[in-house]
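First comes the structure, then the notes that go with it.
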Amino acid sequence: MDRDNARYMKDEYLKIIKTYLGQLQTAHTPDISPAIQRYTQNSNLKSLSFFYDTLLKRSTFLDYGIPKKPIVGYFCNLVPEEVIYAAGAVGVRLCSSDDVCARLGEEIIPGDFCSMIKSSCGALFTRRYDNLDLVVVPAACDGKLKLAEVLSPFKEVYFLDFPRDSDYLKNAEIWTQKYSQFAEFLRKRYNARVNREDLLNACKLTNKRTDIFRKIYSLRASHPGIINAFDYFAIASASFVCEANIWSAYAEKLYKEAQYLAGNKPDFKGKKILLAGSSIIFPNYKILDILNELGCDISADTTCSAYGRMYDPVEIDEDTQDGILRALSLKYIAASMCPCFLGIDKLIDRIVEIFREHSLNGIIYHNLRLCQVFEMQSFALRHILKDKGLPFLFIKTDLSKEDTGQIKTRIEAFLEMMR
Amino acid sequence: MFSIGIDIGSVATKCALVKDGSLIASSIVKTGSDTERSAEQALSEALKSAQIKEADAALVISTGYGRRTFKRAGKAITEISAVACGAYVLYGKKSCLVIDVGGQDTKIVDVGKTGQAADFLMNDKCAAGTGRFLEMMSSVFETDLEGLSELALKSGNPVVINSTCSVFAESEVVSLISHSIKREDIAAGLFNAIATRIDSMIKQIGCANPILFCGGGAKSAALWKSLKRITGREIAVPENPQFVAAYGAALLCSY
Amino acid sequence: MKIKKLSISRRILQVLFLIVIIYGAYIFKGGVIDKPNEPPAQSEAKGLFPALKPSKGSLSSEQFKKGSILWPSGDMPVFENYPPSLVCRFNPKGGLFKACIVHLVSENLTWRTNIRYLLPHITLFILLCFLFGRMWCGWVCPIGSVGDFLTWLRRKMNIPVKRFPVLMRKGLRTSSYGIMTLTFSISAFIGIPNYARFQCYWFLPYCQICPARLICPLFGFIKPNWKDFSTAVSAGFTILAWILLGLFIAAFYWGRRVWCHLCPIGLMNSWFNRGSGVELKKDAIKCNKCGSCADSCPMGLTEMYEADKNIIYNDKHCIMCMRCVDVCPRDSCLSVNFFGKKLFESKY
């Protein structure tokens, strides 16, 4: 921790890049209001408006009102949000799946690269993130690693690295150490305490969120169609930019409303699909659109934008400061199903378990094009799940809409296959 | 009663009239810019050759990529299910593996014991390794698909062509021609390239069932030979390989 | 955060057992009045559990006097029984039960008691072990409860736990075997009539160094016998007792239940742990490999985390505190079973 964490490039290189960047214009944030309008028309729940409003409001400029709290952005599910909260800051997950932002990102990142990273990078060039104080980049995949370098001329970057093995026995000590370093960094930067009580309070916030998310998740699985997939992923995406306590309060309201509706809802006729693989983040609803058109519902998912983000709670055993950080690392890293970690048995177990528990009809494995890690494990996944007799479809696509027809054919054939 | 299956593909529109599980009439027209009109045309041609009226048909089922544009169809199913059903019946109601090389996409369908697709694999969103690729290559040789196939069959020493991407392969072929490599060898190399690609798809699906080769690509004897050599497995080709999907679609009425 | 039901009930039971076992003689008024000065002849068995008495002339009562290392600091206990946890004979007023199993065995090896009288006690011990396994360590043992209090104290002081390597656990268990063998062989040796003269120094060798001897009297505000330098042997035992007490406090303070690997009572209990009535089960497909179970295990066991198949887990080291079941965030992944009947399962 002696060296400044943002020094990924020598000062001279930074200067050259900054001069070059000075010539570029700051881009405008893509307008997502038409998309929001489209999806709000579909939903029948009143409490949903908060989540769409949040998405819309925060999509142009991140502002958390007075008193001004520092805003800390982070990528992936591997950064402990609780530590950010404990430091008195607001955590914002920066992962973006906007096609317009992806094209912005192409100014710096090569075209044939993971569109999620391009989009996240492009989004950071927009006015939306002017307020952002710090970006925390975990060492998830190679793309994220280099993203830390790419972003360093724009924002202060904290790089959180750990071994790419989510085995608890081998690496728990390292995770705790890395998380403590991160806490120490935030402590210095924001003059915060980040002690045991702060962390405990922050954990309570996120656990409350997990609590309600789980309720919504199981309600959706048992009553398909009660909260449609668009709204579900919008709720999850809203949690990226919304403080945990406010989110939970509104989600609670939504849950009550949905539960009330669930009592007198006719049975859902379509197929119930489990969506695994790459994350679905708000404007990228291509797959959801297609599935909706074909009359099936995503009853459950294992994506890192919804299930992976909020399903697992922090289980604190040792309530010391170190113990809490360790418990956080267990939640974020050890239980992570991210393919950048070694081993897919966790993911397979989860898919099989969810599939059987909620008696779903099929599994769609969604892969954002050019994400090697997701794609590489698809072969094993296909054959293992086939062996277990679970219908499985692998879909490779990106953020653009050009292959909608082909994907539709595939999903349609998949649905015919299940008949 | 008979049923009608119309397969609106990207290159050709096929129509099959089926009575009691057997094909009584068929027609094929080129798919133009108006898919609906070509479907109508194919339908009327088939009806004319069988000399029956459409009103007697139990059901019209459309399939293929243009299946949704043909509004009159009673039902639209995907070409994957249609091909699976057609191949299943053609193969004596046994489970098999179907290779369908169409105009726009290549499909590998694992047909289960019940005649339904158990698993399938399609090529990526670009046209690499499909009928479109062969069509473009034959235009480089200033011939058609049959001509290219005949050319390839004459080859004794095929070259290795690495790319199945139409654009990259075209430049590769042009450069090979300029190096005065024999046209026969280049043509054979092209078929080998596609066959290799299909072989890797078969391996991905991991199925040991007997293989049935259909679709427009199956008309090419050279591709069939290449596939047999590269996969090392016996490959059967039905009589009218292009009509398998249309036939299957028509059969699906009774299923 | 969820309410950890099992941990809370364990705490309550631990406190209850601590009170009952240590202050049992105050509460239930032990009727038996011990007269150690007059060792009577071996009497006929009365009732199910006969009172075991030293044979005539086998042992001088000198060393049980106040100021001597084995001064029992109280009367005889309420029940003449030996439950499978560390119930100390040095409790104030004698406590509820007589003593621990190590005490029973080593005492009677020296006395050369007829197995006929010993058998009911041993049978009860095995039966209790068979029913509850090492739950006696995790839920009952008063010394374990004292240790858990130290752990609680450490947590309140915000001091991180020390996790010890597997090798150390194995070493401690080996040492435990060593201590037990030594204790029993010394006890048996001094029971031989020719060597009876050593009895006044070497009687109950483990009790002389056991930290419970020093801790238990404190509950009755009785000063335990901190030091006895009257002979070379007792001086040695005194120093060993201090070392072990230091080890005990350190082990519980920094390392949760590391001590329990060394405890010879726990060792004898653990022989019956596998196959005992209480068992832990894991449903492997529900596990998300978060490692909470291994992380929270006070004995530092990791098998539950490592298991990739459905298992029934009652390892010899497992003290059945069921903390793992309590912290597991997956619904019905881990469960507690009693003879195959599910009692409790992990719940988010």
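Here the chain labels run A, B and C in written order, and each chain numbers its own residues starting at 1.
The definition used in the following text is that a contact is a pair of C-beta atoms (placed from the backbone, for glycine too) under 8 Å apart; a residue touches a chain by one contact, two chains touch by 3 or more.
Because the structure is predicted, anything quoted here is derived from the model rather than measured.
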{"item": "Interface ranked first by C-beta contact pairs", "value": "A-C"}
{"item": "Maximum centroid distance from chain A, chain identifier (CA atoms)", "value": "C"}
{"item": "Separation of mean Cα positions, chain B and chain A [Å, integer]", "value": "41"}
{"item": "Whole-Å separation of chain centres (CA-atom averages), chain B against chain C", "value": "78"}
{"item": "Between chain C and chain A, distance of the C-alpha-averaged centres to the nearest whole Å", "value": "50"}
{"item": "Chain A - residues contacting chain C, complex", "value": "166, 168-169, 172, 195-196, 203-204, 207, 214, 312-323, 326-327, 330-331, 334-335, 337, 345-346, 349-350, 352-353"}
{"item": "Residue ranges of chain C touching chain A (in the complex, touch as defined)", "value": "1-2, 154-155, 158-161, 284-292, 294-296, 302, 305-306, 308, 323, 327-329, 348"}
{"item": "Residues of chain A defined as touching chain B within the complex", "value": "379, 382-383, 386, 392, 396, 402-403, 405-406, 409-410, 412-413, 416-417, 419"}
{"item": "Complex contact set, residues of chain B against chain A", "value": "65, 77-81, 105, 116-120, 122, 124-125, 204, 206"}
